[in-house]
Every structure is written in structure tokens, then in C-alpha cells.
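Listed after this line are the structures, all set down as C-alpha cells.
Each of the next two complexes has chain A plus one other chain: chain B in the first, chain C in the second.
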Partner chain A sequence: MSLYFKYFKVHLKSELEYKTSFILSFIAQLFTLFSYYFTIICLFNQFSNIKGFTMYDVLLTFGIIQFGFAFCETFFRGIDKFDTLIIEGNFDRLLLRPRNILFQLFCDKLSLIKASKVIETIIVLIIAILNIEVNWNGYRIMTLIFMLFSAIIIFLAILIASASYCFLTIKGLEVRNVLTDGCKDMAQYPIGIFKKGFINFFTFIVPMGLVNYYPFLFLLGKSNNKLLCFCPLLTILYLIPAIWLFYRGLKRYSSIGS
Partner chain B sequence: MRSYLSYFKLKFITGLQYRAAALAGMSTQLFFGFMYISIYIAFYESGSSNLPMKLDELINYIWITQSFFMLIYAWYKDEEIINMIKNGNIAYELLKPQDLYLMWLHKILGERLSQTILRVLPVILIALILPKPYTLSLKTTLPALTISLIALLLAILLMGVLVTLYHVICMFTLDEKGIIAIIMVAADILSGLVVPIPFFPKYLQNINNFLPFRYISDFPIRLYIGNIPLSEGIISIIVQIVWIIILFALGKILANIAIKKATIQGG
Partner chain C sequence: MPFIMVKHINKTFKVPIKASGIIGTIKSFFNRKYKYIKAINDISFSIKKGEIVGYIGPNGAGKSTTIKILSGILVPDSGEVKIDRLIPYKDRKKYVQEIGVVFGQRSQLWWDIPAIDSFNLLKEIYKIPDNEYQKTKDELIELLNLKDILNIPVRQLSLGNRMKCEIAASLLHKPKILFLDEPTIGLDAVSKKIVREFIKKINKQNNVTVILTTHDMADIEALAKRIILIGKGQILYDGSLSKLKKQYDYLRKITVITKDKVHLQKPYIVEEKTFEEGIEFVIDIRKIEINEFIKLISSKMSIIDIDVDSGNIDELIVKLYEDFKI
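Showing the complex of A and B:
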């Protein structure tokens, strides 16, 4: 852990070297997330609800999903940009070091510019929490924390799985973006609003439903089943096949370095 | 003039080589189209009156924007040109006897058209055979078709001059991440690709009429699907032409200033 913070400090210093560029990029990042926020505001201007969910409900699920993604983008950037590591041959350098390879990947790059997105999502979450109609109690607060936690876990799992896919294809194809961006965009809404096929997809294949729908029903009081409160934790199981895939890919890896 | 066209052709033909990328891109477009439609269907099923667009109009709008996506999205940057500015290879470009601005404009148009051509037909064909309510319908009248085709051609030119302008600004800022990224996101929202413009708040729609962005994608497509009356279309075509001239002149003047004080980066 302390090693991670050492890496963190180095990256922080290197990014702050270019001050104006850092500030401008930081602001530009705020704008990219803003377009999603803008969509939700515009649509709820015309529609009062979406399948019974209000604007603040959707802002909460939106905030949770985007928070998880932005968190991974900021602190585990190395695994997000894994294809460049392989293409440039720098991955071999990491393999030589006597530390866990996944851990090194997490530390390899950090993007503090993306931290602006984390801050922005936290603001959205606060707005949503202040306005949402929920009778808060211990269980519900716990559910919310679990949801935030599982959002990070699920994107981490997706990133690791798609990184292992890079071992095969060398270049991260656009298909990967469909999985990450597409799932992210859809999961901004409580997935229960979609048709049956999508709900099954997001429950069993990419379990976004465990993050933002089933526990959310409990949070809103639409369901009284206390077990739903713990279902975000199931996403941890999703890490296992992702990590397994990664190590399998690693075994087959032959350097393409230059 | 011939030499500029050959830049266009060069980029166009190179772009056609990347068929695997086009296939991946096509599936992305299909997926996103499907996704947006699912979200809107959920909204429309929740019931509301006085909506600015009918559901079938909206679905057509989404499929057509997705199929022409590579041509109309506004946050495009040409990595080759940006790298040229950053690493100093722009010096070679300046040595050529052609005009830098026109050269870039042709390159950008060529690249984007080639990326589009490979995707338009497959996406449209698949969207046509999808089951209801996801299906695309291309029903239209002859006058609407003609005018929207003219509008689309002008829109391509407008996109070209706007995108070239980003790259000219980049010669001043030497960085495509800061200001240019902000303009790009604004352009993306205001061109109606994030949410269709009829869903915008009224005041924003009014401001937007005076900006160039919606004339790239929103206007020709909504004209085609019948959401904008033809009479209004003819006025908007004039606005398109005016914007093309303004942005072209602006880009060219700025490019000339930039060349005069250009510092070559790197060595």
C-alpha cells in the first residue's frame, strides 16, 4: 500500500510540472461528464419519470456508475491503457520486477486529470442524496456504501478482463469500448427500465444490476428484502474470472516489444 | 486545385483500407443506436404529453445519426496533424508550395468520408430489418429528400471548415487537450448528438439557432425525417452557407497569422 502512495506521489509531481496544461485539461474533463448530466436534465424536463423512477433517482444511479468508472480511470489508469503498454513493449519492463504484476499495472499510470470527474460525480451524488425521497436508516446507508464500492469493483473487473483480451489482439479494439462505455451509458439508468433481454444481460453477464438496480430497489423502499442490501458484494465474485483470464493471457504472452 | 484533390483522394483511399476497424466501428454504432432507442422507449412508455418529437421520428433520427456518425460528430481530431504540430514536422508541410489550410481541409474531408462510406450502408440496412419498434423507416417525399441532400452536402463542408479550425487553433495553443477539448464538448452537445435539440430548454434552442453547430447534424437529419418543415429548411440552408463562409475565412486568416509566427517544436 505504501508503495502505491510512493507511485502516486511521483505521478502527481510529474503531472503538476505543466501547470496550465493540467488546469485546462482538468476543466475539460469536467465538461465531458457534463454532457451526460445535461442529457438527464433535458430528458426529465420533458418526462416526469422513467418507469416510476424520478430524476433524482436516476441522478443517483448515474452518479454511482460514473463514480466507479472515474475512480478506476483515475487510480488504475495503467490497466485502462494496457494496450499502449503492450504495443510499446514496456510491459516487459514490469515483468522483470519482483512485485505482483497486477499491482504494478495499477500503479503504472495515474491520471489526476481524471480526478476532476471523481469530484464531479461526488457533487452529483450529493445533489441526488439531498433531494431523493428515502427514509434513511442504518441499512440504507450501508446499502449506498456497498453500491459505491461495488461500482468500483465491477469496472475494475471489466478493465482487467479487457486487458487480458489485449494479450490476444495486441491492440485494444473498439469492441472493448462497447463493453465499457456502452455498459456504463446504459447502467446510468436503473436497469429495470429496459426490456427483459437487457435486464438478463445486466444481471448475469455484466452484473451492473447488482450495483445499481437490485440494491436500489431496497434503498428506495420498493422492496423490503434485506438481502438485496448485500447483493452489491456479489460483484467481488466477478473479479475472479477476470483475474483468471488475465493470468491465462499472461502465460501465452510473448513480447512484441521494439 | 488538382493537388488538393489528390490529398483528398490519398486520405480517402488509405481510409478505405481499414476494414476491420470499420467493422468494429459498425458494431459500436449499432450497439449505441440500440441502446439510445431502449432508453427513449422506456421514457416514452412512462407517458408524457406535448413531446417535441414522435417516437418513430426519434428512432429514425437516432439511426441516421448513428449511420453518419463518423461524418458528423464534432469532437474529431486528426492525430496526424496534431502530432505534426507538436513534434515540429509541420515544417515539412510549410515547405510545400500549397496552402496549409486547404491542404488540411482536404485531408480531413477525405479521411472522414472514407470512414463514413464503409459504415453507412451496413448500419442502415441492419436498422431497416430490425423488428419493431427498433426499426428504421426511410419513408420520405421527393422534395424533402432533395433539400435534405443539399443540406447534408453543405453540412459536410461546414463540418470540414469547423474541424480544420480546431487544428488551426491548435497551432496557437500547441495542445489539443485544453481549450480545444472544451470547444469540442460544447460542439458535441450543441450539435444535437447527445440529446436531440427539440428536447433542449427553449432558451438554449434559441441561442443555438445562431451558432454553427446544429447545422452540421441536427438540421439536415431532422429535415429529412420531417421534424423541420421544408419552408424553414430553405432559410436554414442560407444560414449554413453563411457559416461555411465565416468559418472558412476565419480559419484561413488565423492559419496565415499562425504561419507567420509559427515556432517549430522539437528538433
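Showing the complex of A and C:
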């Protein structure tokens, strides 16, 4: 962990080498994400609720998913950009260092520009939490923390799984964006508003439902099953096949010329 | 058991065949054909501790692939590699702690920050104890004269200075083996000399085993007593440079400036060219010694000036490649 912070310092120094670019990109990122939230606010200006979910409900699920994604983009950028690492031949460098490969990948790149998204989602989350109609108690606070945690885990698993695919194809696949951006855009709404097929997809194939739907029902008091509070933790299981795939791919790695 | 042992390794790459032109590109997109390239074909050798070995061969001969297998990046399809009792691609984490690798064409340093920051991060990655790190770092700074360049972002350094930093970075953890993949590529004469002398020094002082690939034969002449020549994935020659010279470097070009017009036509003269100012001979020194030859020509003509070209090692290698048809 302390090594991660050492890397962090190096990346911070690198990014701050280009001051103007850093500041402008940081602001640009803020605006991009803001336009998303703006759409939601406009939407709920017209309809007071969608299938029983209010604006603050949606802002909360939206914020949780965005938080998980932005967190991975910011702090685990190396695995997100794995295909460029392989194409440019820099992956060899990681193999020459006496540390765990996945860990080095997490550390390899850091995008502080994307940190603006993390900050923004935290603000949105705070607004949503202050306004949402929830009877807060110990269980419910724990549920919320689990949800945030599992949002990170689920995107991490998707990123690792799609990175493993680069070992075969070298260039990253657009399929990955279906999984990351696609799921992100769908799952930021409480998936209960969708049809049955979608709900099944997001429960069993890409278990976004475990992150922000089933525990959310408990949070809002729509279900009293206390087990739902722990279901975000199931996403950890999703990491296992992802990591397994990655190490299988690593064995097939064939580097690039010279 | 030898320090580095390589036994019958093979490596084949699957490469897509690309047709040219737009139509060809589209065609190969839908129906991609592959060919299999044998990058390494049954290579075996062993290296003793403290040796410097020059690993040479034309582009695409399999040099880098071998280095990558030896440094644990690639897994051979078959065969066995054992270095200091470890298998590079199996005991990766333990093994890479013992080696340093410099790729002349690829940087190990973080591009936007000064080299010293990279060094400090490498200290953490390799878990080097504080006092040991301090000592090694000071030594390297002293030996390579890095003091003034350590605090400049790497991207602003000249290639020569960057290479010095790269080499220093690869030695911070005191590796037992140093792999250098074209370490002098693109460097000027002065930097080349510094790099060569430094490699020699650490080989002697710390008994570091050095394996280097290069296209610059002067590197080999200055550093390696032993060379391994590889072509089309196979070892063509493994032995001392001097022996190779004896075997292949037997032609000498002797240019004589003279006003006399003489024709010699002897069996040991491979080529004889007359031009305005004099004559150019190419002789076979296996058949006649140079001083004998000079005695002979000085008795036949009055010599104004004479020049003996002592065989360029580059030409030797070209001859060698031709001989082996690679």
C-alpha cells in the first residue's frame, strides 16, 4: 500500500509538469459529468417520479455507479489503458520488476484529471443523501457503504477481465466499452425501471443489480430482507474469474518486436 | 552446473499475413491468414559467472527474443532455461530481483520526472535497504558522472545522458546479471566510450555477468571476449572473437602509391587494381605474411606511400553473414 502512494507521488509530479493542460482538462471533466446530472434534473422536472423512484433516488444510484467508475478510472488507470501499454511494448517493463503484475498495473498510470469526476460524484451523493427519504439506521448506513465499495469492485472486475482479452487481441476491444460505459449508463438508473430481461442481465451476467438495485430496495425500505444489505459483497466473487482470466492471458503473452 | 544454462529452447510466433492495398486489408480483415515464424530454433549455450558475452546477429535473427526469454518476459515453447538455479519465467519475482535489463530503444525511467525520482521509486519497488541504496546510488553517480543531470526531467535529457541514467537505474539493486539490448544505439562517440568503459568496470569490480546485443562491432571489440552469433534463430558461431577473426579476417587491403607500373599476379593476391597514383592489392595473409609481401613489392617498385587496411570488423561480420547465408 505504501508503494502505491510512492507511485502516486511520482504520477502527481508528472501530471503537474504540464500545469495549464492539467487545470483545463480538470475543468472540462467537471462539465462533461455535470451535463449528465443536468439531464436527470430536467427529466424529473417533467415527471415527479419514474416507477416510484424519485429524483433523489435516481441521483443516488447514479452517483454510486459514477463513483465506482470514476474511482477506477482515476486510481487504476493502468488497467483501463492496458491495450496501449501492450502496443507500446511497455508491459515488458512491468514484467522485469519483482512485484505482482496486477498491482503494478494499478500503479502504472494514474489520471488525476479524472479525480474531478470523483469529487463531483461525491458532491452529488451528499446532496442526494441529504434529500432522500430514508430512515437512516446502522444497517442502512452499512448498506450504503457496501454499495459504494461494490461499485468500485464491479468496474475493477470488468476492467481486469477486458484487459485479459488484450493478451489475445493486442488491441483492446470495443466490447469492453459495452461492458463499462454501456453498463454504467444503464445501471445508473435503479434497474427496476427496466424490463425483466434487463434486470436479469444486470443481476446474473454483469451483476450491477447487486450494486445498486437490491440493496437499494432495502435502503428505501421497499424490502425488509436484511440479507439484501450484504448482497453488494457478492461482487467480490466476480473478481475471481476476472483475475483468473488475466493470469491465463499472461501465459499467452508474446510481447512485440525488438 | 553453469551459471546460465540454456538448453534446446524454441519459440515460434504466429504472425498474421497482411495483403497490401485497401482491398487486401479488407480481405485479410475477414479472412486472416497466419504464418508461423520460428524466432528461435533449438538454441543452447551456457555462460559462466562474470563473463561478458556479445550476442550478435542481423535484424530479426532472434536476439531480442532470446534476451526476453532469458529475462523472464517470454516463455519458450520448449526447452529449458536455468539461471542461478532459477527458471526465469516460473520464478519471475525472485528472478528479476537478480537481474538488470536495459533496452536501448525503450525507457525504464518515468519520462516526465527527474531521474532521481525514478531511482527513489525503484528503491521501493526492489525493496533496497536505505544504507545500501545510498551507497550504490552515490557510487553510480560518481562513476557515470550523473550529478548535474539527475534533477532534470528525463524527457529533456540528451540521448547519451538518458542512457547513462538508464544504466544506473538498472544497477541500483545490484543485479548479478546485466542484460543490455543495444545499449549504444544512437549515441555519439564520447557517450559510447563512457558506456563501454563503465560496463567493463562494473563487470570487473562487481563480477556482474553481462550479456549484450549490439550492431556496433566496436562494442564487441571493446567488451566481449566471447561472442555468440545467431542467424535465422540458430546459433552459427559461439567462441572467442580472436578465433573468429583468424577464421574469417584473412584479407588485407594494401594500397601502394607508386609511379611504376608493375603486374604481380601471384596466387596469394586476391585482387589487383591499378589506378592513376598507384596499385591496390588485396592479399590473403594465410598464404603470405604482410612483411614478406612488403619486402617483395619494395624490390619491384619504388614506394612513395603505403597503407595497410587492417580489416574492419564490420566487413568481417558481413562476410560471415554471407557465408552462413543469413
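Convention: the second predicted complex is superposed on the first by the 256 of 258 C-alpha atoms of A that agree within 3 Å, B and C clash if a C-alpha of one lies under 4 Å from a C-alpha of the other, contacts with A are read in each partner's own complex, and residues count from 1 in each chain.
Note that contacts are C-beta pairs under 8 Å (C-beta built on N, C-alpha and C of every residue); 3 or more make two chains touch, one makes a residue touch a chain.
It should be emphasised that the depicted structure is a prediction, and the values quoted were computed from it without experimental measurement.
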Touching partner for A:F149 - first (chain B), second (chain C), both, neither: neither
Partner chain(s) touched by A:I27 [first = chain B, second = chain C, both, neither]: first
Touched partner set for A:E17, first chain B, second chain C, both or neither: second
Partner chain in contact with A:F103 - chain B first, chain C second, else both or neither: neither
Partner, of chain C and chain B, that touches more residues belonging to chain A: B
Chain B versus chain C as contact partner of A:K251, first or second or both or neither: second
Chain B versus chain C as contact partner of A:Y7, first or second or both or neither: second
Partner chain in contact with A:G89 - chain B first, chain C second, else both or neither: second
Parts of chain A lying in touch with chain C, wherever the complex brings them together: 2-3, 6-7, 10, 13-15, 17-18, 89-90, 92-93, 95-100, 251, 253-255, 257-258
Sites on chain A touched by chain B in the complex: 20-21, 24-25, 27-28, 31-32, 34-36, 38-39, 42-43, 45-52, 173-175, 177-178, 182, 185-186, 189, 193-195, 198
Interfacial residue positions of chain B with respect to chain A in the complex: 21, 24-25, 27-28, 31-32, 35, 38-39, 41-43, 45-46, 48, 51-52, 175, 177-179, 181-182, 185-186, 188-189, 194-195, 199-201
Chain C to chain A touching residues, read off their complex: 13, 64, 68, 71-75, 92-94, 96-97, 99, 101, 103, 105-106, 108, 110-113, 117-118, 120-121, 124-127, 153
